[in-house]
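Before anything else, here is the set of structures, which you'll find just below.
Across the two complexes that follow, subunit A remains constant while its partner is subunit B and subsequently subunit C.
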Partner chain A sequence: MSRKILLWGSIVVLCIYIGIACAAPLIAPMGPDAITGRPLQSPDPVHLFGTNNVGQDIFSQLIWGARITLLFGFFSAGLSVLISTMFGIILGYYGGIVDEIASRIIDVVIPLPTFVLLIVLTTFFSPGILTVSILMGVLSSIFGIRIIRSQVLSIARMEYVEGAKAIGASDFHIMYRHILPNVMPLVMVRFVSSSQHLLVMGVGLSFLGMWDTSTVDWGTMIQNAYSEGGVALGLWWWILPPGIAVIGISLALAMIGYSFEEKFNPRVGVNRI
Partner chain B sequence: MISGQYLARRLCYCALSFLVCVTLTFFLLHLMPGDYITNYLLWLANKVPKEAVEQFYLEFGLNLPLHEQYILYIINILHGHWGYSYAYGQPVFSMIMDKLGWSLVLLVPATILGILLGTVIGAWSGWRSGGKKDLAIFNIMIIIRAIPEFWWAIMAVMIFAFYLQWFPLGGYASISVLSTGISFMDVLHHAILPIALMTFFIATGNYYVMRNSMITVIGEDYITTARAKGLDERGILWRHALKNALLPMVTITTFECAAIITGNVFVETIFSWPGIGYMTTEALRMRDLPLLEGIFLLDSLFTIGAMLLADILSSMIDPRIRMGRDE
Partner chain C sequence: MELIRIDGLYVAFSTRSETVRAVDTVDLAINEGDTISLIGESGCGKTVTGMAIMGLLPTNARITGTIRYGDQDLLSAPDSTLQRIRGKEIAMISQNSANALNPVMTVGDQIAEPLLIHHLLPAPEARQEAVRLLSALGFDEPERAREQYPHEFSGGMRERILIALALICNPGLIIADEPTSGLDAQVKSQILQLIKKQIDGNRTLFLITHDMGTAHFLCTRTAVMYAGEIVEIGQTHDLLSLPMHPYTQGLLASLPSAGLHPIPGVSPSPAHLPGGCRFCTRCPASMDRCRREHPALIDAKGRQVRCFRYD
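Coming up: the complex of A and B.
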């Protein structure tokens, strides 16, 4: 019972975040880069969370930051799931020599440390939000290919697939109409859990200084507040809002992920939340 | 047991994986805008004499055809010549080796403590799975995991170092070491907070694995048999359940030992601890590609080695795993 409340609560929280991100120009009183006050102002009715070290409104930055943070989280997760579903289904369905070669390649690539590889590659390419999202999506899809492929392997041997083949359905039709719906629950679980994972990772990377501070997202806000003395001066209204925003979305996604997993995967029924 | 043929094949895969890493770094260095030497020398001095550039070209073999350069690069990597950092002008390999020690100061105690803590709590929670206390712990662990690591670290600095002033704000030694020399107690005082944080992260990670493993083991027939025989619960837990549930921990442990960089890049950065994680952040900020590639090569070596070790160890511990027979 309480799990249901948790799930719906998390979905509501997620919708609020997405709504804020979409309606950022309507909600935020000022632009994310506009200098609208004295530096390091305390919270007051004009600047709800005060201003940062150059006088930008923290509340507006928080609202605008939601756009970029959610964008790279969901975009990279979507890309990752798209790639792993596509390749997983194709490899699992056709099998044979292509599958063999691809599996060996995955075996070779799996041990590579993804996080450092990501840092190396983004340093090489221009470290923009889009580049980082694409790289995160591609790198995290490799593991997903394996999971979905193994699921498809068993589905492709089902009788209804054979039946569809017997009545002359094309391969594409079988993959799209018969196999895809059967791996869809797994794909959904992968999407939610990897969007949580990648969103936190992206915020972490921007905290480390992946892109320049002119791009306002929650990671750069935390980094700015941390390195420019938000902690040392005890200005909690500078550092806490972006952090709490990240925690909120991360928790909501984690809860949705666990509930989905429990719903779609009967084996984890024992360890229910 | 492990068969020789399987081991040989596994070793081939490891070599291939590392070759992929080396090839990647080689091509990244070559595809970089401007070439390595010019970039490197320009970092060191504004105006570089032509003779020096030519000398470097000859020494690095940049006048050779690409495939010969590639072979030379691999040989160099195997000999520990990992190139020069742009930002510091020093050989990458020796820089990394300098920092590795400091990373291990945090990593070794944190890994040991984290594994112990995570295993004990996870085993207990799995044994009592479904109970009220188990669910409470499980939910707390989900919440802990969902909060980013760097946020925990910032909060720890803010509360314990800034407001309560129990620990220093960062670094690895006080300013007084300049006069008194470095002392164990001083370093320990600086290291306690980061070690505690890393222990915390490692323990939560291990908790899940151990709990899941325990739940799987409890569902096995031999536990039912043991109960049917009338053994007491404590005996079943210690003699039957725990031993089998610990098996996946071997793999996790080896992996955690390998995660020397990803494991602590945030903690080291926030505590300004002079290890590899902090160096990664600095190199990232300065866009120091050769240094980052060196860190990448080291990390991939560790990870590949750990995967191999985990396979061999678990097949030695568990006689049921007969690698290479049924494949």
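Coming up: the complex of A and C.
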């Protein structure tokens, strides 16, 4: 029962975050870049969380920052899941030599630490936010390919797949109508858990300055507070709000992910959370 | 009119160390309106023969021979041709098992699927057709059954759904592979009645079974298969009342009604077949010649039998 409350609570939290991101112009009292006060003001009724080193309203930045942070997480997770589902199904269904080669390549790539690889790779591309999210989506899809492929391997040998061939279905039809719906629960689990993972990673990358530091997201906000004296001066209202916001969404997504996983995968132990 | 003619069908599966001859030189003609059964024990190659007609053998199978269907050879036809034929002209009633139907697709959608794949009807009409067929196959509430998922049905009902799936495009030839396995006696007889009613003179049935009673009930002709080859073929009634090949005789003697006398020994591994007659090691009437020479299928008393005793 408490597990159910946890799941629904997490879903409510997630909806609130998404709602805030969508309605940012209505909620935020000021623009994300507008200089609306003196630098380093303490919280007051006009500036709920005070102002930063150039006099921008931190509360408004927090609200606006939800957009880019969430968009980044969900976009790269969506891309990651799309790639891993597509390749996982194709490799698992056709098998053979291509599958063999692809699996060996995946075995080589998986042990490479994604975060470090990403930092190296971004130096080769123009480090825009879109580039980084595409790279993250692609890199994190590799593990997903392996998971989905292994599931498809067992589904593709089910008798109803043979049966679908016997009614004259084409390979595409079988993959789309019979295999995809059967791996969908797993795809959902992958989507939720990778969006949590990638969202946090995105905040980390933005903290490290992987893209334009004038972009307003929670990573750059923390970075700003860190480098412009927010920590040194003990201005907790500057650094804590974006940090807590990240922890909140991350926990909510993790809880949803675990609950889904328990529901769809009976082999996952019940004491995982 | 001849519908399908199998000539010299040979199917082997190669493993690293040995070659398994699953089907070895099977010739069989199926006429339009025929009801013919292929009887044999597990592993004798009867299912592989059915799969060969459907063109659904695994890619590691080595296949020679021809299966003529109209002006096509099904063994060498391209996939696109086979996809056009499968389900529409030749359909299969698959073995009933928990995984025979897609667990996440409603029964109605699955039954209507062949019609949509072959572009025979637009979706709303296809769904209506599925409902019509469900009610013809004994579903009391076809409108409700259409919306349900396979796990909500019993084994007998699932078998009916599989039959609907095979019948929906009104195919000329139906291949039924052990359609009643895993069903209890009463449900089994209902399903057999149903198949008989649906076949009823205007469809061709190719039944694969190990059960004499099923073959007798549904089929006018029967072929007995042993270790990858046909050993006896004739009218079902004649064959069962007066079996000629020692293996057929053994099969009948092993029935409970005949006193449960099993055939001694086990059937040879298809990887290591004996040189002469394949049944000689278990045959009560084997002669020297049986061990040396491989018998051919010869005509005898209106049927064909693969035994030197009728030479």
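Quick notes on this one:
One rule holds for everything that comes next: the second predicted complex is superposed on the first by the 269 of 273 C-alpha atoms of A that agree within 3 Å, B and C clash if a C-alpha of one lies under 4 Å from a C-alpha of the other, contacts with A are read in each partner's own complex, and residues count from 1 in each chain.
By our rule, a residue touches a chain if its C-beta (ideal position, glycine included) is under 8 Å from a C-beta of that chain, and two chains touch if they have at least 3 such contacts.
This structure is a prediction, so every number in the text was calculated from the model and none was measured.
Placing subunit B and subunit C on a common subunit A by superposition gives a fit, with no clash between them.
In the superposition on chain A, A:100 makes contact with neither subunit B nor subunit C.
Once chain A of one complex is fitted onto chain A of the other, the partner contacts of A:159 are limited to subunit C, with no touch recorded for subunit B. Seen from the C-alpha centre of subunit A, the directions to the centres of subunit B and subunit C diverge by 100°, a value given as a multiple of 10 for the model superposed on chain A.
Using the contact criterion defined above for the overlaid structures, shared-chain residue A:33 touches neither subunit B nor subunit C, since it reaches no partner.
In the superposition on chain A, A:169 makes contact with subunit C only, not with subunit B.
Within the superposed three-chain arrangement, the count of touched residues of subunit A is higher for B, of the candidates subunit B and subunit C.
Shared-chain residue A:208: touches subunit B; no touch with subunit C. In the superposition on chain A, contact of A:108 is made with subunit B only, not with subunit C.
Touch criterion met: A:182 reaches subunit C, while subunit B stays clear of it.
Distance between subunit B and subunit C in the overlay is 13 Å (nearest C-alpha pair, rounded to whole angstrom). The touching residues of subunit C, when paired with subunit A in their complex, are 54, 56, 82-88, 91-92, 94-95, 97, 99-105, 113-114, 117-118, 162, 165, 169. Note for the complex: subunit A touches subunit B at residues 107-109, 111-113, 115-117, 119-121, 123-124, 196, 200, 203-204, 207-210, 222, 226, 231-232, 234, 239, 243, 246-247, 250-251, 253-255, 258, 270-273.
Residues of subunit A touching subunit C in their complex: 158-160, 162-170, 173, 177-178, 181-182, 184. Touching subunit A in their complex are the following residues of subunit B: 13-14, 16-17, 20-21, 24-25, 28, 31-32, 129-130, 135, 138-139, 142-143, 145-151, 154, 157-158, 162, 169, 211-212, 215, 219, 259, 261-262, 265-266, 269-270, 280-281, 283-285, 287-289, 292-293, 295-296, 299-300, 303-304, 307.
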